[in-house]
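By written order: A, B, C and D. Residues from 1 in each chain.
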Amino acid sequence: MGILDKEFSDGNIVITKVEDLFNWARLSSIWQLGFGLACCAIEMMATSASHYDFDRFGVIPRNTPRQADAIIISGTVTLKMATRIKRLYEQMPEPKYIISMGSCANCGGPYWNHGYHVLKGVDRVIPVDVYVPGCPPRPEALLEGLLKLQEKIRHESLTKKQA
Amino acid sequence: MKTPDEIFDILKNNFNDDVIGIEKEQPTEPIIFVNPSAINKVCLFLRDNEELKFDSLMNLSGVDDANGEKVKDNDGSEIIKGGTLSVYYHLYSIKYKHKITLKTSTSREEPRVESVESVWKTANWHEREAYDMFGIIFNNHPDLRRILMPYDWEAGYPLRKDYKNPEFYQGMKVPY
Amino acid sequence: MYQALYNLTSNTIISTLIVALVPLTLILLYALFAIWLERKVSAHMQDRLGPMRTGWHGWLQTIADMIKMIQKEDTIAADADKKLFNIAPVLVFAGSFAAFAAIPFSSAIIGSEIEVGLFYIIAISSLVVAGILMAGWSSNNKYSLLGAMRSAAQIVSYEIPTALVVLTMVMYTGTLSLDKISQQQTAYFWNWNLFGGPEFGLAKFILIPFMLVAFIIMFISTLAEVNRTPFDIPEAESELVAGYFTEYSGMKWGMFMLSEYANMFAVSSIVSILFLGGYQSPFGYLGNTLGIEWLVPIEQLFWFVSKTLFFVFVQMWLRWTLPRLRVDQLMTVCWKYLIPYAVANLIIVGIVTLL
Amino acid sequence: MALKTETMILNMGPQHPSTHGVLRLELELEGELIVDVKPHIGYLHRCFEKHAEAMTYPQVIPYTDRMDYLASMYNNFGYVLAVEKLLGIEVPERVEYIRVIMGELQRIASHLVAIGTYGLDIGAFTPFLYCFRDREKILNLFEITCGARLLYNYMWVGGLSHDIHPDFVRLTKDFIKEFRPTIKELNDLLSYNKIFIERTANIGILPLATAINYGVTGPSLRGSGLAFDLRKEEPYSIYDRFDFDVPVGQGLMGTVGDCWDRYYVRVLEMEQSLRIIEQAIDKIPDGDVHSAIPRRIKPPVGTVYQRVENPRGELGYFIISDGSTNPFRVKVRAPSFVNLEVLGELCKGHLVADVIAILGSIDIVLGEVDR
């Protein structure tokens, strides 16, 4: 939630134009938290590397949560790690987005049954915007996930939802 | 280069009763059984003996033998009473290129094994892992804490065959 | 311009503010461009494309970044020292912004023609250290603190070789005014200080190697002063997460970033003024040949900006090629190599000039 | 009178750019000097050993992929060798050759990531991207073979999941031709860079005796000067048929066993892997890769300990069979787990920046440390 989000009760032409500008800025500059968990992190790195190049979409990794807009949960979330992920999420400034990458982060993946130390889905601790399936998802899949997130941001609004 | 039989003979001569026996019916490798209270002395001997020189501990693994009596718990699940937990040591000599497997068994209710951390530093984390996963207590270990599981994990030792996973950990639901 | 505004409004404060807005806008525009350039330069060096989706080859990328940053929530850690935490980015930005007042962009465009311009720039850019220390301390974060300590040590140390080289040049040119230094190196490129200065004679040829040494020392130490690789130890991404601005978010962090790029420009312009003739063209002026008076300052602006941007580009080039030094090695480079060479250079140039 | 000072505790990780995943280091600092390093692991503990007990023998293979996710092929390799030893089955020649080629390609890919991220740790960003660019070519080779980029599930007990693609041999040769010059480029850009040498030479010296006592294996052990490579030491599969050298650290830039040596051993090993692939690629015999796959895997009661030379060191599988279709116990001797233990010993007396350099030179994969 940004500073102005959901602050206005009705949308006139100025607000909708500002809204478009803001949404455009947000979606073109999604800085991700440089943070890898497991196997998917390697594919995430491959996505930012030369061949797939995340930077084309304006995505650059920032190492500190304070300067990040999105966090890509790239891999298995264990119980020991879950509390830390929650902390990282809380440290990020609004507006913030979450991409859950890979089956493990979505629902526990191959560890769903016997994984006594695996959190079955990161959405049990933090809210997720986009789920990217795959084990691990190909870089193209992650890019698709990013485009879906951009699509979602494009439709965000500064006006309050009418009841 | 020595065969496991020769190594067993050397050990038997030096340690008598602490070296219990050798099992050769394995399809792959023979295993020498050692008394858990003497394992550190045996290992030190194996490392420092000029003819043996086992300078490298390849692997140390805890095993739940699950050979006790299976009884029903109050809530209907099965738990194991009695029987043993074992520790396997795989040793290798870089100098002579020979290997040996040691096994020591201890009671499930009070599993205590002497630590070999002072012999090979490798054993430090391996023993912590065996403690973490099976609850085997290594005497004289300098830092016997949980290693893989959270330090505040209270639900027992996960790799025991009768382990039951808790419903919640710090407010997070654990089962699917 | 100030005079005209003063006549119009007859109020010192308003007219000063309006005049000050001009360089601010320019710097902002330049920083937007430089950040985009950095991303494109790095991308093309690394077999990538860099930003592509915002405008033609992503030229709107930094603008999008800035608009996004303005929207971001402004987080302040609960245990932070709030006053210092808020002042620090302003101070850092002010320090690097103020330096632009004395830089001659061309013979006609110069904020303030003060006689001690060089001295003023060295003094005012030290303000940045105070800002960085404040940022590191007030964040109440160990990484920030370590970063700030490293940064302060580094900037203070590297000011010595910078000052020594500046002293050499001042001794040689005989003035502290940046405009005068630029004017001296007029006409053709062999009159630049890097090539022994405008006076033709034996001394010129003796001086060339020493000028080269001075130039290299100056360039290295300015690199360190603006915390660029291989001296980017204060923010050392792989060690200290983000150094002294770890805890900053949104536009406050944006100010640190803007000031970093502004600083890059400032030090590059000083290097080019001291050694490469500042705004002087290397081949004479088209305006003089054609007899068009007003073309000359524009040409000068063009040459000044291209020289400076070239150095900015070299800084980027180095950043994406070289690894990072360690903090003690950084100090070794400064105290054991740069300072002795700079002193020796100072003495030699002094003697040659005297003779 | 000495001034009384307190040490500072600095927490590095689990989210930190240079801990190569979710490792947490507790550094005790005096200024920037390291007094003590305590690694805390387990943030990626995915219960591999519990899963192995609940699965049948072939079902365990995908889980081995996910341990050392940078060297999945080699993890499969070790596991299937262990089960084959337990079953006592021979695999066809063709399978052996393809396994070795895949294993060595995987070794190159893994070392490329190790080298690239090491450059990143030292502060050079560009070599990282160059390494990933080259790694992408190897991934393409894997992809045409089995369809997966990262986790392959390619080697099965007694065979392989797919035969190689008809173009595989030609493409692999092309890759070797393209890749040789890039090793040189990498050396010019990173290995012989003055700043890189300053940062890594004489840092984190690992004496041989300490290395052996801590059970360090792989490039880290060879960096200390001992030519200990399981491919030579106790050749498994068909490694005894190939001619290759075992590079060791020689202290070219500093002392034997420093970070630069460990790093450079990896660079040299890529060249040796290329040699093995070159020798093997033309000799792949004809045959069926599925012929020896047993219909039902039910090994006799017994134990087996099989170790292979993973890119990171000695990867051992200790399997206890109780005669059923599921393993009774699988214990993995993960090279990263053992190698990481020596970190505390290496870091003492160094600076914070050196911790990063040392950690990177050991080259750990957290998936394997925590399993």
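Keep this in mind: contacts are C-beta pairs under 8 Å (C-beta built on N, C-alpha and C of every residue); 3 or more make two chains touch, one makes a residue touch a chain.
Here the structure is a predicted model, which means the values were calculated and not measured.
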Round to the nearest whole Å and give the separation of the Cα centres of chain A and chain D. 31
What is the distance in Å between the mean C-alpha positions of chain B and chain D? 26
Where the centres are mean C-alpha positions, what is the separation of chain C from chain D, in Å? 45
Centre-to-centre distance between chain C and chain A (centres being mean Cα positions), rounded to whole Å: 36
Interface hub residues of chain B, defined as touching at least two other chains: 148-150, 158
Residues within chain C bordering two or more other chains: 46-48, 237, 241
If a residue has to touch 2 or more other chains to count, which residues of chain A qualify? 50, 63, 80, 113, 116-117
Chain adjacency by touch: line, ring, star, complete or other shape? other
Between which chains does touch occur? A-B, A-C, A-D, B-D, C-D
Can you list the residues on chain B that touch chain D in the complex? 26-29, 31, 55-59, 61-64, 88, 90, 94, 97, 101, 120-122, 124-126, 133, 146-150, 158-159
Write out the stretch or stretches of chain C touching chain A in their complex. 39, 43, 46-54, 58, 60-61, 63-68, 71-75, 237, 241-242, 246-250, 253
The answer for chain D against chain A in the complex is residues 14-17, 21-22, 42-47, 50-51, 54, 62-63, 66, 69-70, 113, 128-130, 132-133, 135-136, 139, 149-151, 366-367, 370
So in the complex, the part of chain A that touches chain B is made up of which residues? 79-80, 82-83, 107-108, 112-113, 116-117, 119-120, 124-125
Along chain B, where are the residues that touch chain A in the complex? 148-150, 158, 163, 165, 169-170, 172-176
